[in-house]
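Before anything else, here is the set of structures, which you'll find just below.
Two complexes follow with chain A in common, the first pairing it with chain B and the second with chain C.
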Partner chain A sequence: MTRLGEIVEASTTKLRAVAPQTFEGPAFGSFIKTSDGSRTTFGVVAHVEHVSIDPSRRAIPLGRTWDELRREQPQILELLTTEFEAFCVAFAESDGALCAYLPPVPPRVHDFVEPCTTEEIVELTQDLSFIRTLGASGVLIVAELVAAAIRSAAAHHGDQRAYLVRAGREVADLFRQDYELASSIIRRIRVPERAHR
Partner chain B sequence: MQVRRGAVSTGPYDARVLDLASVAAQVKKMGVGLAALSQETAPRLAQALVAWERAATMGPALRDRVAAAKTSWLVAEPLEELHAYDVTPVSDYRVLASDGSQILPDRHDHVPCFLVNVGLVEISYIEGTARLTSTPSVSWSPDEVYPLVGGSRQEADGRVVGARRFAGECNALKDAISADTVALMDGTLLLWWLEPDPDRLRGLHESDVKVATFAALNEFLGEALTVGALVGSYLSAPRTNDVVSMLKVVLCTEDPVDCDRCPYDSGKKAWHAQLEIAGASLLPVPSKPCEEANPVTDASLFRSLLAPGQRSARFRSHAKVSRAYDAPIDFVYLNVGSEISRLEFPAWTTSSALERLVGAVFDQCDKGMGYPVALAEAHEQAVVRAADRRSFLELARRNGVSRPSAKLARKRMGVL
Partner chain C sequence: MSRTREAFDALTADLTGRSLGRVIKGSLLEGIEARLDDDVTVEDVRVGRFVVVDGARNRFFSAVHNVKLANTNEDVLLRPPDDGFVQEVLRGTNTYATIDLRPKLLIAHGEDGVRPVKTIPPHFATVREASDADVATVFGAEGLTSLAIGKPLEMTSDVCIDLERFVERSNAVFGKTGTGKSFLTRMLLAGVIKADLASVLVFDMHNEYGMWSEDEETKKKAPALKEIFGQKVLIFSVDPASSRRRSVTPDYEVQIALSDIEVDDLVLLRSELNLSDAQVRDMDTLSEVWGPSWLQTLMSHQDAGTLTEVLEGFHAVHEQSVKGLARNLKKVVKLPFVKESVTDHSADRMVKALLERRHVVIEFGGKTDFLSYMLVSSIVTRRIHERWREEKEKASADGRIGHPPQLVITLEEAHKFLSPEAAHQTIFGTIAREMRKYNVTLLVVDQRPSGIDEEIRSQLGTRVIGALDDERDQGSVLEGVPDAKALRVLLNNLEAKKQVLLGGYALPMPIVVEVRDYYDFAKATRRAAGERKREIDLWDR
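Then we have the complex of A and B:
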């Protein structure tokens, strides 16, 4: 089991977790899961940050490279932490099928966060309902988040190009009232031109 | 009950906040006064420096004069020639530092216990690793909250909890040290605040807080000697003056120095102050030669004598309390750039070990922007913040061990 982090705050819409190693958090837009033994909640990483573990102490510029810091100030790495937030997009009861909507109760604090397997991501993203959920998350960078999630999902589907085209249509349909948003998402998931290879 | 009618809004507005306007006026006055005081202290420092020059040329005679002196103040014994010593910073070492913090028993919260939190930091600049930990311990048994202190039972107060905390810091270091480790503590190794007269420790039970605290320090220092670790206790902004007291022995006109037979006190001789500023009013005029160096501290003396990166000569403390120790306590002053600090260490520290210890402390101060980084982080590990204190009290309440007094409950209501 690859452990991505441990939950320190959780609600029915999102969770916050601390990565086991500083600077080794999950990728923005990647799919994660957490299980409390009976229910597994799935989410999409919406924010990753490197911060001081103590809110009353800030990091300051030290004018040294990380190699020098590891040698001269090895305690600094212990005083920094990598934290991330993920939006809940789906859940599954231990014996039930996947439900592509928010869980009835939040994941537990101190439960571990793991990456989703390819099978889980394919199952989770087949029907594209995560796009609607993330679109309604209210984050300021909703276009970036939705696009990153679509790209990360596409990487696990057999025919990436077909998946991206399908996701692009879904975006155009879901956000038809907001042309700017729809086009900025589609720009961010566009398949690189093959001619440029 | 008598009700006073029409009394509302008739009196002056009486805000229940600190009257900052009044405080500001007093602080302004204090600033002017302190500037004048430092002007008046300048000639005293000059006298101390003259005495220092004289002491430096005395050679072995200085030690003899100091050893023969019977003074009412604590006099440092010089162990090296009196001059500034350059220090070469050391960069390949392993440092351990411990520092503690506490939650005191609270009568109004009816919390019949106290908490000591000891932070321990281990940084290796050889491997580039760091380990930061803290260990809390809650003491609640009758023997702990109502302990034997100097032979009689008393409620655990700030001094008792401070002693427990000091012992905790010693134990944490004792368990972690190994050969060639630099072990740092914060504050003085001299436990005068716990028991200034070691003779009074005799005959006390081994569970007595005073005996147990001295034992913890002796065991830690003994273990350090056995495994070959270096021990230093770091005092930022020291207010000590045992070196200036040594200079008073030099300034005294009598031989041997004997405060009990001071001819100036008895009126046999009269002293005319040497360098006084006309109109000076804040410091009393010296009435005997030794008062010429009042109120100079060791730190202000060494600010004039040490350049950044230098240490003073090594001195031995003759604090009475050190007689309770297995070995005397020595010290040096350091100019770490941002300030003059004092480093205390056991007398068994060899001169080459002292060079390594002081070199490591300079490197620590350099890395910690003026204060040893390992001690600063040990403090951060140990510190009990207001929020932690609230959580602790809440835990105590949830577990049914606390019931706030009526006075505290009323204060917390926050109602008009």
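Then we have the complex of A and C:
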């Protein structure tokens, strides 16, 4: 089991987790899950950051490469941590099918976060409601987030281009009042035509 | 479950036709608008395509009348995407296409046959390409009295003309030069002859209906009526020398006696003969006084130089005008087939043959000689008019039905006879207007429909319309036809050589067809006619 992190904050809409190794967080836009034994909550990574473990002490410039730092000041890695946030997009009860909407209760703090399997991603992204959930998340970089999630989902679907077209249409439909936003997302998920052919 | 119910279910269960879209708007008055499915490329949908709309209780039949592009968001139009992927994504969400339909007929659950629409399909009813079964349901199958004339665009089942209805009214074949008018007309006439529904008389100005006609493009010889039907068709030649040059042996030569020519015949030729109004009045006066031989009398006095003395006895005529008239009429008298007296009146012989349910083609030798063409046509038609009237009145008195036989008179360059000026004075106008009662109808063949009198056009039952370039012609062929505006779009999009728009009395609804191959048709018809003849011969023995 690949452990991506441990939850330190959670709500019904998002969770915050700390990665076990500094600099080894999940990718932006990737699909993760966490289980409390009976319910599995699925999410999309919306923010990853490397920060000091002590919020009151920022890291300062040291003027050395990482090779030099590892040799001379190995404790530095211990002072840094990698944290990430994920938006909840779906859940599944242990005996039930996948529900593509927010869980009734938040995931538990201290539960572990794992990456989703290909099967889970395909099942989760077959219907495109995750795009609506992410679109309503209110983050400033919603275009980037939605585009990254679609790209990462498409990588697991057989006909990538067909999936991207379908997702793009969902985006165009969702943001039909805001053509600028819709087209900026669509441009971010487009398949380069030449590479495709 | 009734048989018809089963038939309906079988038909509507047939979903082989590809789904094209869904109904989004509509009214009985304005027609239906359907949004194309996202996977249907707008370029695949051609105007004129025959489609069906599946409502809850009815299946509607229509042609595609228009294809349109639409968008949900004006911003897209300000910055059209240049990227193929983005274009594909926006198709169906921000941009889409619609088609306009005009349902004309429907078939309802549990009912036999199609009937005109009185309602429209509901929202989101599926529009699909019509299947061959649909076409067969609406347009029937080729049979004894129906003629398969072609196929709807991109389909394989036949569109059939109901020939029984066809011969009941005057009809028209319109189209600019080179649209295959004469091929179509021959096909229609051959259908009528084969079905034995009417006698056929053709005024064949360009030698296309007798034995052979030459395809202007391929130079191939196409068999014509006599070649297909043999002795049932008689060829009369106005110019026997020309017939011989084309190795056609006419059955008879056309001979017209001077006494056969009446004032009305010459009135039709006014512009060809340069006759003034006064001269037309003079002719009336002369014929009143001199009787049937007025023309002969006039010409003999003119030749003898005695016209001045003779005219002194007349009050109402002006000498100079009559002299001018005589000079003008010289052109008529000099025509090779016009004789002082004849032993064999061609017009009578033709009428007799037609009454015996045979068919007559009058060949004019191919010269564009309107004088001969119109003179002969007028004389023959006038004679037919008289005889058919008499025969019909006699038959009605005797209670005989089906006599005299239905007659179809085929008139090329019809605008010459049926122009607004000519239509009220000449026999052809009368026939087009009222001879239906006496079993005579016209088949008008013309490239300038706008030159034909409006009232005559409105009497036309079935129209076969090929491509027309002229705005006025396009407008006039559809004048008075319901949904003319919508049909005009179809007309504008016809391919010149292959496609025609059919509509009117002998068809359940207007439709664009690709005309069937004439050579195959001729071959099949000749074979069928031959077999039929053998059958009849056997019976006779």
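Following the convention adopted for this analysis, the second predicted complex is superposed on the first by the 194 of 197 C-alpha atoms of A that agree within 3 Å, B and C clash if a C-alpha of one lies under 4 Å from a C-alpha of the other, contacts with A are read in each partner's own complex, and residues count from 1 in each chain.
Here is the rule we go by: a contact is a pair of C-beta atoms (placed from the backbone, for glycine too) under 8 Å apart; a residue touches a chain by one contact, two chains touch by 3 or more.
All values reported here derive from a predicted model rather than from experimental measurement.
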Should A:Cys99 be classified as contacting the first partner (chain B), the second (chain C), both, or neither? neither
In the overlaid three-chain picture, which partner chain does A:Pro74 touch, first (chain B) or second (chain C), both, or neither? first
Identify the partner contact of A:Leu181: answer first if only chain B is touched, second if only chain C is, both if each is, neither if none is. neither
Who does A:Ala172 touch here: chain B (first), chain C (second), both, or neither? second
What is the contact status of A:Asp54 with respect to chain B (first) and chain C (second): first, second, both, or neither? first
Partner chain(s) touched by A:Val139 [first = chain B, second = chain C, both, neither]: neither
A:Leu164 in the overlay: touching chain B, chain C, both, or neither? Say first, second, both or neither. second
Mind telling me which of the two, chain B or chain C, contacts the most residues of chain A? C
Would you mind listing the overlap between the chain B footprint and the chain C footprint on chain A? none
Would you tell me which residues of chain B are touching chain A in their complex? 91, 121, 123-125, 128-132, 367, 373-374, 377, 380
In the complex, the residues of chain A that touch chain C are 161, 164-165, 168-169, 171-173, 176, 179-180, 182-183, 186-187, 190-191, 193
Residue numbers of chain A touching chain B in their complex, please. 54, 57, 70-75, 77-79
For the complex, give me every residue of chain C touching chain A. 38, 72-73, 75-76, 79, 81, 83-86, 88-90, 92-94
